[in-house]
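Have a look at these structures, which come just after this line.
Across the two complexes that follow, chain A remains constant while its partner is chain B and subsequently chain C.
Coming up: the complex of A and B.
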């Protein structure tokens, strides 16, 4: 049971209703390449926001975990070019890929369990870049630079996965499920202990909670979420290459989460949407060659001016206007 | 596997470790005093290489300056990186001192902008410095045989940088101030030391080392876009393994990683990256502070 106030339920229901009805108004390009893309990358950013806000870990390994799931599903996909030795139907490959990402998340958690803040950032970044370099140099499994192509996804009710409506609704379904999963988990005893550990690990340990195990479990859960994102991203890109999980992809997910705001799970999707819109339309603003400068400047401006992102900015704005007084004071670890 | 082969691979590892040490010592120096994780350190490496080359290239083509072109390129690369580093610290990072995560995010943003602007200003073509006359060509070594002089020079330079940093930190007034700042910044400021000035100096020095590494690295191997990621990764791993903020630890980490990379490529070519990360994970599991890092008090 997810406990929310009536207003929050209404807001959520209204949001979902709007998203459900978007195909009525929007052309396919917006459905798939803007909203669909923002939602699948938003799921990966969500896994980072979950760890950052409720666990206090700004992990840069989330793109890598999405990549683990993406490579896993690509190796097992029946349509893969080149076909892997373990080809199996999608309905078996997808859960196994998400499982692989969950296990990989637990392993990242075990490696990083004794570190925090800045050290955690460095170690997870090193792991992420290392994994993409490994995928790039390994031919036997990862197919080197070329990656694995033609991962078109399963047919759903006789329709190809890449049909705009199918992709959009699946992406929406996964994004909403993961969003609600995060909101649910942080109110379970596990989620509450996780937040207690974030606030003071010594006190939580003194009460008798096993701090390390909770941290590892939170990384595994984040791996599960990122894994779903990774599978969908691989379907969206019709394949996977090492560069799609490299340093820039890792930084892009961090940018999405930070721009949107690390203070609330919704921030991940807001940030992903802003990033996607800018990535798509930057060409008409400053020429697509300088997209990185634009996104870098926006990112820098957000970090300098509003460290809790667009979400935090909006919250302060509404508080200042006085329509919605702030009920809770969020503890910001990121600022 | 002959003795000659073993020694050659080991020497290759040593020369690589030398380059890693020069770059990572700057990273470690900045981290040691200011707790700033400079995610733009790889970008400073690129700034050094690109600006150095922009100065070097026309000089090399001219008749008068050709013989000094490389040295001038080195100086230009060092100065450019130091200047960019100084600006980063003074304009952006200085006033958010203590907010480590925010500083890391700021430097990530800067690294994106710097990489893109370098691409815009200098184009994406790979380039390489020609080795200066004095350091050009192979030399005869016992057992190993012919070996490039420049790679040996890298080791000499790294040792010089190491000794220089040691002298600076242990034998000068600035060194005393820096070491005091590592222990307790507030107390240092209360003693009347201009801490922001010291911080800016140290940041410029750390950035200068990245710039020096950039020119040296672009002389040893062709330089192309994307090396910022590699050298940032390498700096991170070296200081994580060696221990943050310790020059000795950085040297030890660079040695381990340099040797592991070269031997890994010989023994299991496509899995050599894994070896680096196995070392990192093992060190973290046993010594969370790195091999020579201090325990937080």
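Coming up: the complex of A and C.
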């Protein structure tokens, strides 16, 4: 019933065209370690933004759900060291891993179904920390502290997944698909109900919706999105360890989503890019030990100056720029 | 077993038998017995804190009764969840506006229309001219908001929100409509629109109305139930209720 406006389509198309042509201008380091990495972490942040903006659920379990997919693909990967008992080709392991994250998302949604705000935050945080501690202490499946190595990803058209162009374009394809998926879903009946629950869950129930079931389904969809991010992050890191899904990783994804702006799915990717750039270059400027200080200061500055993040700041900026010429036109009319 | 609701035209629309609702030690509603016939228009009056809205909440299921029994066209609904009651045909509005403020008027009405059908989890958008969107248009005309369909709720006036609320409650073609102070907070200019809208509601629709404004309440009802301190104190016809000494005492603020 509601479509993207022509301007939004043009902006999206222009953005995708620029990202598609980036390999012409940028060295591999920027393609893979900055843009590629930002896009795969951005997908996990997107799953958080989706729940927070459209459902009103701030979930700290999204990194954990990415971790479920990451560990699942690692356990099933044919190249894993040590090789798991369920080794299978990547084309089967990847969808199964995303499915595992989707189911895990539904389970998180079920556990948290009656909680909101600070209690929802705490229960999802508890699940996230619990899962990472479990992965850390379980040797049989999760290989404890060491984790699972050599998850190199499938070959695509004879090229290794780690080839910069392959990784970049796959990451771009997944990021754009997930982004468009969110924009589409929130205009369907399912997505509208989600926003209705955010605005007034009692009324949503009063007109006939089963709020609990919708909440669980939205967590499952967020798990699906985070799962794709988790699979690609595991390929990017060539493996997975408990620290990659621990408390700090959980907070990092939250910081990305907030810096970028929770008000729009694009914010997740903007935030992930800013975070990645700072994480990469902070060590050469102020030393690696100071990264937390730097990201903390940037986080504070953004939350204080623009509570809706960089995306919100950009929106106000374009609104101000857009108004300026209009005002002159009005003046011409009146004079 | 309860009787089949569809063939029994002599069944009351709604009965409450000894219904009570406690919140901890507070008895918000105690031992209310009511019988509302099909097509009846009933007003519920009473001072603030009398338990009127809590009574609504026990009927729609937001806070199910802690004692007693509620039947709807012969079906025991005492412990059903709110969405199950809505699908049986109970529509309601809320005292304070609880619309979906981030969505447009059209989307609010659309969600209410969709709620009664399968496909609540649908991932397919409605095509232009689909039956649901046509129904949205009809509802919007019925409650006179068809000129602001694409405006977001947080940008429409209080009076129009009340009209959208009624439109949403009507979307599922309910057999029982419960309006919780529909005229509260309306300006003198907005009030006639609402009264006219209520006068146009189909005659076979059973209506329960909570209203502070005596005139609005009496103009839109045949029978009146007066509540005080969680109990029913008077039940009377609309033309006689104003003569009741108890009602006069309550409404003149005397006699506790």
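To be clear about the criterion, the second predicted complex is superposed on the first by the 318 of 335 C-alpha atoms of A that agree within 3 Å, B and C clash if a C-alpha of one lies under 4 Å from a C-alpha of the other, contacts with A are read in each partner's own complex, and residues count from 1 in each chain.
One rule holds for everything that comes next: contacts are C-beta pairs under 8 Å (C-beta built on N, C-alpha and C of every residue); 3 or more make two chains touch, one makes a residue touch a chain.
Remember, predicted model here, so these are calculated numbers, not experimental data.
Colleague: Just to be sure I read the superposition right, which of the two partners does A:97 touch: chain B = first, chain C = second, or both, or neither?
Modeller: In the superposed model, A:97 contacts neither chain B nor chain C.
Colleague: Examine A:303 and indicate which partner it touches, taking first as chain B and second as chain C; both and neither are also allowed.
Modeller: first
Colleague: In the overlay, answer first, second, both or neither for which of chain B and chain C A:46 touches.
Modeller: In the superposition, A:46 contacts neither chain B nor chain C.
Colleague: Considering only the touch criterion stated at the top, classify A:292 as touching first (chain B), second (chain C), both, or neither.
Modeller: So A:292 only meets chain B here.
Colleague: Does chain B (first) or chain C (second) touch A:183, or do both, or does neither?
Modeller: A:183 sits against neither chain B nor chain C.
Colleague: For the overlaid complexes, name the partner, chain B or chain C, with more touching residues on chain A.
Modeller: Here the partner covering more residues of chain A is B.
Colleague: Once the structures are superposed on A, label A:137 by its partner contacts, choosing first (chain B), second (chain C), both or neither.
Modeller: In the superposition, A:137 contacts chain B only.
Colleague: For A:193, decide between first (touching chain B), second (touching chain C), both and neither.
Modeller: The second partner, chain C, only.
Colleague: Using the touch definition up top, name the residues of chain C that touch chain A in the complex.
Modeller: Against chain A, the touching part of chain C is residues 60-62, 81-83, 86-87, 91-92, 94, 98-104, 106-108, 110-112, 114-116, 119-126, 128, 133, 168-169, 171-172.
Colleague: Considering the complex alone, what residue numbers of chain A touch chain B?
Modeller: Touching chain B from chain A are residues 58, 111-112, 114-115, 117-119, 121-123, 125-127, 129-130, 133-134, 137-140, 246-248, 251, 254, 258, 289-290, 292-293, 295-297, 299-300, 303-304, 307, 333-335.
Colleague: In the complex of these two chains, what residues of chain B are touching chain A?
Modeller: Residues of chain B touching chain A: 35, 37, 39, 92, 99-102, 104-106, 108-110, 112-113, 115-117, 120, 229, 232-233, 236-237, 240, 244, 269-274, 276-277, 280-281, 284-285, 288.
Colleague: Give every residue of chain A touching chain C within the complex, in rising order.
Modeller: Within the complex, chain A contacts chain C at residues 1-2, 185, 187-190, 192-193, 195-196, 198-200, 202-211, 213-214, 217.
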